[in-house]
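Two complexes, one shared chain (chain A), two partners (chain B, chain C).
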Partner chain A sequence: MSIAEKYTDEIQAIFAKYPVKRSAVMPLLYLAQRAEGYITKGAMAEIADLLELDVTEVAAIVGFYSMYHDEAAGKYRMQVCTDLSCALRGADAFLENLCQNLGVKVGETTPDGLVTVEAVMCLAGCDKAPMFQLQQGDQVSYHENMTVDKTMELVEALRKSSKQVDE
Partner chain B sequence: MAKLINLTINGTPVTVPAGTLVVDAAKKIGIDIPVFCYHPKMEPVGMCRQCLVEIGRPMVDRATGQPVLNEDGSPKLQFMPKLETACTNPVSEGMAVFTETAKAKSGQKEILELLLTSHPLDCPVCDKGGECPLQNLTMEHAADESRFIFDEKHRAEKHVPLGDLIFLDRERCIQCARCIRFQDIIAGEPVLGFYQRGRNTDIVTYGEPGFDSIFSGNTSDICPVGALTTADFRFGARPWELKQAASVCSQCPVGCNVTFNVRREAKAGGGYVIKRVMPRQNEQVNEIWMCDKGRFAGYQYTEAESRLMATPAGLDAAVGQAVAKLVESQSETVFLASGRLANEDLFTLKQLAAALHAKTYLYTQHGGGEFTTAYGLTSGADLGALGKGDTVLVAASDLYNEAPLWHLRLKAAAQRGATLIVAAARATKLDEFASFVVRYAYGDEVATIQALPAKDKIGEAIKNANNLMIFYGSDGLGLAGTTALAQSCAELFSISPVSQLTGSPVSQSASFPVEQLTGKPEDRTTEQPEDRTTEQPENRTTRKSNTGLIGVWSTPNQQGALEMGFRPAENLAAELAGKTVYVIAADPAGDDPALAEALKAAKTVIAQDILTTKTVKLADVVLPAAAFTEREGTYTNGERRVQRFYPAVPTRPGTKADFALLAEVAKGCGIALEGRSPLLVMNRLSTAEPAFSGVSYETLSQPAEQWPLIGRSDLYYGGTSYENKLGLGVTLALQPKADRQSSTVSGLRPKENEFLAVPVTKLYDLGATVAPAKLLSAHIERSAVAALHPVTVEKLGLGAGDQLSVEINGAQFTFRAALDASISTGVVLIPRSMGLAISAPALVKLHAAEKA
Partner chain C sequence: MPHILLRHRDIPDIKNIEVYKQNGGFESLKKAVTTLQPKQVVEEVKASGLRGRGGAGFPTGVKWSFLPDNLWPHYVVCNADESEPGTFKDREIMTYNPYQFLEGVAIACYAVGATEGYIYLRGEFYPIAEQLDACLAEMEKQGYLGDKLFGTETSIRLKTHLGAGAYICGEETALLESIEGKRGQPRLRPPFPAVVGLYGKPTVINNVETLTNLPYIIEHGAAGFRQNGTEKSPGVKIFSLSGNVANPGNYELPLGTTFRELIFTHGGGIPNGRKLRAIMPAGASSSIIRVDDAVFDKVMDTPMDYENVQSVGSMLGSASVILIDDTHTMDWVINKTIHFFKHESCGKCTPCRDGNYWMLHLTERIHAGQASAQDVKLLDSVAAQVYGKCLCALGDFSTMAVRTAIERFPEDFEKVKA
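Now for the complex of A and B:
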């Protein structure tokens, strides 16, 4: 179902807020992401049509922000910054070790579907690397000055809490 | 005029208009500040930081408002704590810029060092190597060793097809966004974007088909590294092996200045081969751009397998046969020539025909030449100067498809403030930039144009225009329709010659004032009011050069043919029966079965062409001609600018330039014509044809300094477009108006089960000069669509993309159905040169095609 059909009222409410149509692109992308957990190419094209933009302009916004996703993922997204400042504080080694411990490659999801590990560009926590942001739906938390051990503990805790919720 | 600002750069004083950027001010006095993201055709963005310099500004005492002085009385300068970007800072009074100080140099050096940390440095296999700004600026400004010892270089995909014409090398991209900004700002097709951030930044395109723009090749010219390469040239040759031949694009009436790059190749037996087409700067014509049709189909047809050739003896024999036929037929000969011929060819033809007392016709379905020669643009015209106060009308023309660079330049004019009125029967790409869009039903073109002055705002824009420029095309029109349209457009100028055409003297109470053509009120003070009623074009000395009527022709030199008096026949087929028909650079038999029949009914057919066309196949005598890439000559573009092209490759054996062939034929007939060189032909032409007076190969090849400075030593600044060293061309003088009765076009009314089929032009079609471009085959294939209103498609039981059968005069043809909600339900748009002969609106039957 298209987002225009699914969220007719919300879209109207969003449009009402912006005198210039194209300004509505970010909230519409959130809607699309809410619908599927990530933003499909189809949704990008639909938003482009709604806002009279080129689909590439919409895609470029999805690409720029680490809080928009263009692919499905596990329950949590663990986005490790590997940009220059973090790299100088050992982010690359941290990421590699972490992946080994989790048994995944960058971009992959743990077999239980819990965590997807991603490498992203600067998250403005440069002085507290290694660091990552953890995303679940609309929730985001920063985890700074991390070690692999601390991170594995966190993952365990997440695993437990999501089991409890599931049961 | 903008206020002038005085400043110094490295101690040298320079005075430039307010608003000039420091980087451009420096360029003007020959100081090169390295840039990557800045491009003189686009607003600065300050993204790459390569242009770091020190900028001092005079200190002002806040209390007194007086300048603070040093002990020696010189103004005290204030510097920012950090270096500043020369590309984002406009000049200011008393500014002192330093581009060569140790501080500035180290800033520039460090940026290069950083850029190179994530660059693959694969120059030896990079197509840009040899003409690469990054390479050149590194040699000039960078440290010889890097302090960043990264074991693992930045790795990314290397051969990413963004579409079928442009390839991206992600590793090489330095993220300057020139390509993205070009597409957005200049082309108006924002189909490129950045994805991700930081070192992960990638160029992407999400459209379908990929890199969906007809200007895509230009991004490769302005990319400062080898990240964007064209499908035709990548891995084809090294820039330093290439020689240049100045030329003019032959694909449309814009006449973009181009450079053919050639080199000798073993596979051509050591002969010269064209390797690529690049734009050549002419700020009044194409600036530094060209479209993809010109770039990817510009010369390919001259190398098509269907090229006609002969042995020299065979050619002589053919000339002999042609002579024999002409001597016999004399005035019973009809010459048929198209605007694909150069001015020199047409002039020679005209003389030959005159000597034989034979008829000549221009082969075209686009009429109205009697108006464009009398109301066309004059010397000094420049679409780049259109702006506030000027009005541009585009009537029945889809410029994006018919003359891409005009589309581009009118878009820019509208954005500078010109009033752009687009009158068309369907939505076109230019609508987006228009101030007014006037939609009419096919068939109502003339009435629509005539009604414009009475419209409130549009009428005002036309009446009060500082300059009034009118483009008229052939969207949905045939010969009669375009001629009538030209007349109605010319009438908008509302001057006496027009009213004489229709037989009624102009009066002061005419619907709008005659002065409008003569420019601003202050220009008119010397005029006698009573003169205005009898003004002739040649008397309009104060006429603005950006005022005039332009035909959007389908050939590069139709305007030149028109200036020499060539005119189309109203009923061509009827003119050919029983005659000796000499066809040059035209394929009537291929275009229209009715004309093929007419040629079969002719006594003799002589065909002179570069390609094996249907007409050539049914001809009795065939004369193989040299292509424009193999000879010299001139074209007159739609703006009436005569421009020279030069030979890029040698003439093929057994072929000769058209003028030389004609002169030889003439000689056989006992008529002495100049056939030695086009230069000599032009000398005669300019004496014989008043419009061409003063035009010579010398005046045509006069270069002039243009801004921005581009080309070899400046390629880091403007890109790899070539500098114009061989002339900007000369604009013709206006011709006196022709006597002409107003023509009427009878409207076609579809009966039940019938539709009105109208011809429309697609940029990429199966025309003889486009089809041989192999790289464009997918693009051409996409043109094989007949567009209908969505309601009609549904009624026919079809969906978009389904096969639609079109029945015209008993003949059937199949297209894919496309949707166009902007047209009326009774209309079907048939692409020209895509298989179905349609030269004018016609009634057709439509139905779903049988499934194969």
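Now for the complex of A and C:
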């Protein structure tokens, strides 16, 4: 199903927000990411059509902003901040231990396809490091003052809830 | 003293609109719209001496007065892209005290005659944007936004716009590009956004914390606002304290509070019996202040305001104070900051794009102990060639820590290949 069919009302509301059609490109890309977990070539073409843009222009925006993804990854992207403030509070060691526990390297996905672990730039959570955000489609949640144990519990909970949904 | 900006710390449920109203909420907006001319609001804010809290410290009322009154419509855009490493104050305001912030945005709209305002949030603040959308709907329902506000002819509508992970969009012209649906790359100035801004129209761009001060200024007047802070840096400021400190967090304190009071009275000092070695008072964009025994008292007794932080060789910026203890060396620190800036350089200006690429190579090599003394000189030279040669401040910011680290901590750069 196309994005236009799937999110008709939301798209109308997005267009109503701006005096210029092109301004809708970022919110529409988030909808595309919600639909498939990442932004497919087909979605880019559809958004380009809706906004009367060249598909290259849409792809350039996808490439520019780090929260848009044009490739599939795990169901959740676990994005650990390793910038200066967090690193001063042990974020690098946290990330390393977490990866060991999950059996992946930074940038890799757990074998069951649940979690992709990534290192990202500052998330404005500096006082509560180690911290990360979980990105799923267009949604984001913060997890702060984390330990590897707490994170592994969270991963277990995500695993259970995904299984229930699948069943 | 009760908080002025972080009022939720005194009134926990202030994010509930009824609680906000019971505590004077929207009275300032009503006072402005029903009893003051827009120009009077601008004059009051000018007289208050409020300076932009996003980092530049430019006087807010003066910024507003640059909008021409023969070009319409005007836009107000709130910069809620908070992305400087070490800064996490706007997030707390918007999460826990949203209505005071939104009332501030509405007052700014009234002051400059804007009927539409956009709030640009970094994409990571998705849950905050959802909450603000709900708050805006509630305000519209209760008549604090929309048409005929308080029975007058004033109309104000506010909308949120989510970024998608790009530090550069905190730069005001890149932010405008991003709302317009383009890659967030800075514009050449002039023309300035006050004349040619969003959709080519006169635009005011203010930071979240700046705008959250406005209800207080309208309620208490310029003189009331000036009860806190210094003559040139009036008011309170939220200091985001992070790094090697016992109690990291946000602290709302008068501008001009000393480093000592922030770090030791509020922050609880340096943990694990370590010594403070360096301070970055403006996040990753800071010149690094060296704190050793010879200058310890001088630095600690320095008032943190826009003027005095310069006297110890740095700047206040957005007051994101990162503390670094004596277990860390500056070759590691600048490797971190350059890693950040290399990732966040938008690529438009060659000195910043290529300069950060080479600076990253050099800092990696230096930090790994695989560099020659010549590489340290080369790093300093590359930084010097980036500085002052780009369209926006990101290029300059990327060089501040590098150059001051090499200059002020030479012993950290001696770990080089023979």
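The criterion applied here is as follows: the second predicted complex is superposed on the first by the 113 of 167 C-alpha atoms of A that agree within 3 Å, B and C clash if a C-alpha of one lies under 4 Å from a C-alpha of the other, contacts with A are read in each partner's own complex, and residues count from 1 in each chain.
The rule is short, and it goes like this: a residue touches a chain if its C-beta (ideal position, glycine included) is under 8 Å from a C-beta of that chain, and two chains touch if they have at least 3 such contacts.
Every value quoted in this text rests on a predicted model; they were computed, and no experiment measured them.
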First (chain B), second (chain C), both or neither touched by A:M121: both
First, second, both or neither for A:E153, with chain B first and chain C second: neither
Partner chain in contact with A:D49 - chain B first, chain C second, else both or neither: neither
Residue contacts with chain A in the superposition, chain B compared against chain C: C
Partner chain in contact with A:R22 - chain B first, chain C second, else both or neither: second
Touching partner for A:S141 - first (chain B), second (chain C), both, neither: second
First (chain B), second (chain C), both or neither touched by A:A60: both
Partner chain(s) touched by A:Y30 [first = chain B, second = chain C, both, neither]: second
Partner chain(s) touched by A:D112 [first = chain B, second = chain C, both, neither]: neither
Contacts of A:L84 with chain B and chain C, given as first, second, both or neither: both
On chain A, positions contacted by chain B and by chain C: 60, 64, 83-84, 121-122
Touch list for chain B against partner chain A, complex: 189-200, 202, 204-207
Chain C-touching residues of chain A, taken from the complex the two chains share: 17-20, 22-27, 29-30, 51, 60-61, 64-68, 83-85, 87-89, 120-129, 133, 138-142
Parts of chain C lying in touch with chain A, wherever the complex brings them together: 82-88, 90-91, 122-127, 159, 161-167, 178-184, 199, 240-244, 248-250, 280, 284, 320, 322-324, 328, 333, 336-337, 340, 343-344, 346
Residues of chain A touching chain B in the complex: 41, 44-45, 53-60, 62-64, 83-84, 121-122
